[in-house]
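After this come two complexes, each holding chain A, first together with chain B and then together with chain C.
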Partner chain A sequence: MPHIPKKLIDEMIEHAIDDLPNEACGQVNGKNGRPLTVNRVKNSAASPFRYSMDPLAMLKLEQAREETGEYLFAIYHSHVASEAYPSQTDIRQAFFPPGELDRQPMFPDCYYILVSLAHDPPEVRAFRIRQGGLVEEELIKSED
Partner chain B sequence: MTIKVQVTSVIQKVVNGQSEFEAEGSVVSELIEDIENKYPGFLQQIANESGELHRFVNVYVNDEDIRFINGKDTPLNSGDVVAFLPALSGGL
Partner chain C sequence: MDSKLSKDWFSMATIYIPTFFRQITEGNEYISVEGSNVLESLEFLSYLYPEIHGLIFDSNKQILRHVNVYINNQEIHELEGLGTFVSSEDQIAIIPALAGGSMTLLEKNNGNQSALKPEEVMRYSRHIIMPQVGPQGQRKLRDAKVLVVGAGGLGGPVALYLALAGVGTIGITEFDVVDLSNLQRQILHQTADIDKPKLKSAKETLGLYNPHVEVIEHPMPLTSDNAMEIIPNYDIVVNGADNFATRYLVNDACYLTGKTLVDGAILLFDGQLTVYKPGYCCYRCLYPDPPPPGMVPSCAEAGVLGAITGIIGSMQATEVFKQILDIGEPMVNRLLLVDALTMQFREMKLRRDPSCPLCGDNPTVTELIDYDAFCGSPPIEVSIPN
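Right, the complex of A and B next:
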């Protein structure tokens, strides 16, 4: 069960709203098992229907994590008008090469967080994507 | 000429876990060939059987996407930084 400070959840929702009408995306860095920061990443696709994280921004975040000893706690993105659940595209693209579901996903140890703006208030849910394309929901414990 | 190569975690497993290393080449295609010689399996990660780069792999020379320069024929100079970065994307 991921323990995520309410402040970070609010930051992801705020990002999703700020980037309307397009999907928003980003990464949550963590350390010692706890999420620390929400890092907005440019959605290069600039689309309401898909996201593509800016590759250079991802590289720089990864390099920064190597320096600080942090790790990738979660990848998040928004769905502007659909449920907070990974789409078939989300699942396919979690693998490298995309759609090679019999491999380990690219980031087997991180959470995939979905922020849905389909309802008011927005909904935030966390998942693991497993080998085979299986999706397991992990209930978020929100902390003040 | 010596080029600094950077890769993200997804590709690191085929280059002995390194995030950064050096390789040689005067254009991107030569650089890829040199990396493949040093780390067999690299090419398979980034290109199809015809040797064409996967569209879900981004290659940058000094922070410029080679799609907007000259693709695999993009020239390299000593000290250049070339990054191979798998896409992270999704959507409906």
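Right, the complex of A and C next:
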């Protein structure tokens, strides 16, 4: 069960709203099992229906994490008009090469956080994507 | 050869290995490689770690679509691609794509699990027997809704092969009547159909081929006034339009409604094929401005080989099929150029243009515009059949 400060959840929602009508995406860095920062990443697909994280921004984030000893706690993105649940596309893309569901997912220990703006107030849910393409929801424990 | 000499001959660039690949590189983050350009450097890496090769290269030795390669913070396609020179100062980074998207209409359609009837199983058996299709795929085809713009040269073979494959709902926009000069290429219409509305003739022909298919008639040209009402009812749009105004209109309307557009074009002995998907290269990225009126002749003015409509139209139907079943490599970000005279097929790589007025980072086209004015073309004449 991921413990995520309310402040960070609000930051992800704010990002999703800021980037309307397109999907927003980003990465949550963590250390010692705790999420620390929400990092917006440019959606280079600039689309209401898909996201593609800007590769250079990802590279910088990954290299910065290596400097500070942090790790990728969660990958988040918004669905502007559908449920806060990983789509088939999201599941396929969690593997490398995409759709190779029989392999280990690219980030087995990382949460996939979905922000849905289809609801008011927006809904935020967390998932793990497992080998075989299985989706397990993990209830977020939100703390102030 | 001592190592100093080899260093003078070959540059040693450094490759940054992303976390996910480090299970292959024994945990190494940075690997020094020999090679004068990116291709040689990456090949050297795959020589050291053979498992990496299939993760970054396709069978044509091109970088896979879902892999990005950067040199010193610049994407290699902005430089000289795989041929970009590298020196010992350079850092190459491999970055697997992180992407996703919301649920599409097609995914929602998967909910309909009603079984295929024995007649359908027999009819579609040559498709169902293929592992890429199967009964599940055949149900996806049955549940799919495809809009075909125009029932002429391209729209004919597209609609025909989709109907034969059992695509459950085929919408057609068409306002013209069958003319004797259409019959050299437009396979949905026959000699007895002359002067009949093309839509009526198309529906009759498709119904004879496959009575399971529902053909929805849109007896009107697609315009800025009706496109946003018609297109959202469909999963995929196929373009068989014969004029630039409609091409820009269909492109914009598909992007704005989040639909995939399977595009084709023909003239003389030439044909083109591509697929526009929101988030990837669109028609406006490729052609920001229409050609001056009259510069590109129409098929009526310049002529067109009948069989090329069959080649391109069949390919468009194939791309729709792949989209519905989510199989293969779609013609997204790719433009196929067909020259029937030499029978050469050439492929160009396309990219989304960040400065595109429609799908770029700062779009200026946010709703449909007056496309006849934009293209400087006279409005489409609607001939009303008697």
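Assume the second predicted complex is superposed on the first by the 144 of 144 C-alpha atoms of A that agree within 3 Å, B and C clash if a C-alpha of one lies under 4 Å from a C-alpha of the other, contacts with A are read in each partner's own complex, and residues count from 1 in each chain.
Everything that follows uses one rule, which is that a residue touches a chain if its C-beta (ideal position, glycine included) is under 8 Å from a C-beta of that chain, and two chains touch if they have at least 3 such contacts.
All of these numbers come straight from a predicted model, not from anything done at the bench.
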For this session: Using the superposition on chain A described above, determine whether A:L56 touches chain B (first), chain C (second), both, or neither.
Result: both
For this session: Return first, second, both or neither, reflecting whether A:E83 touches chain B, chain C, both chains, or no partner chain.
Result: second
Exercise. After lining up the shared chain so the two structures overlap, which partner does A:A46 touch, if you call chain B first and chain C second: first, second, both or neither?
Worked result: second
Exercise. When the two structures are overlaid on chain A, which partner does A:E23 contact: first (chain B), second (chain C), both, or neither?
Worked result: both
Problem set entry | Which partner reaches more residues of chain A (counting touched residues only), chain B or chain C | C
Problem set entry | Shared contact residues on chain A - chain B and chain C | 23, 45, 47, 49-53, 55-56, 58-59, 62-63, 66, 75, 77, 79, 82, 86-87, 89-90, 93-94, 96-98, 106-107
Exercise. Which of the residues in chain C come into contact with chain A in the complex?
Worked result: 16, 18-20, 29, 55, 64, 66, 68, 70, 73, 75, 93, 95-104, 107, 258, 278-280, 326, 352, 359-361
Exercise. Chain A touches which residues of chain B in the complex?
Worked result: 6, 8-10, 19, 45, 54, 56, 58, 60, 63, 83, 85-92
Problem set entry | List of chain A residues in touch with chain B within their complex | 23, 45, 47, 49-53, 55-56, 58-59, 62-63, 66, 75, 77, 79, 82, 86-87, 89-90, 93-94, 96-98, 106-107
For this session: Give every residue of chain A touching chain C within the complex, in rising order.
Result: 23, 25, 45-53, 55-56, 58-59, 62-63, 66, 72, 75, 77, 79-83, 85-90, 93-94, 96-98, 106-107
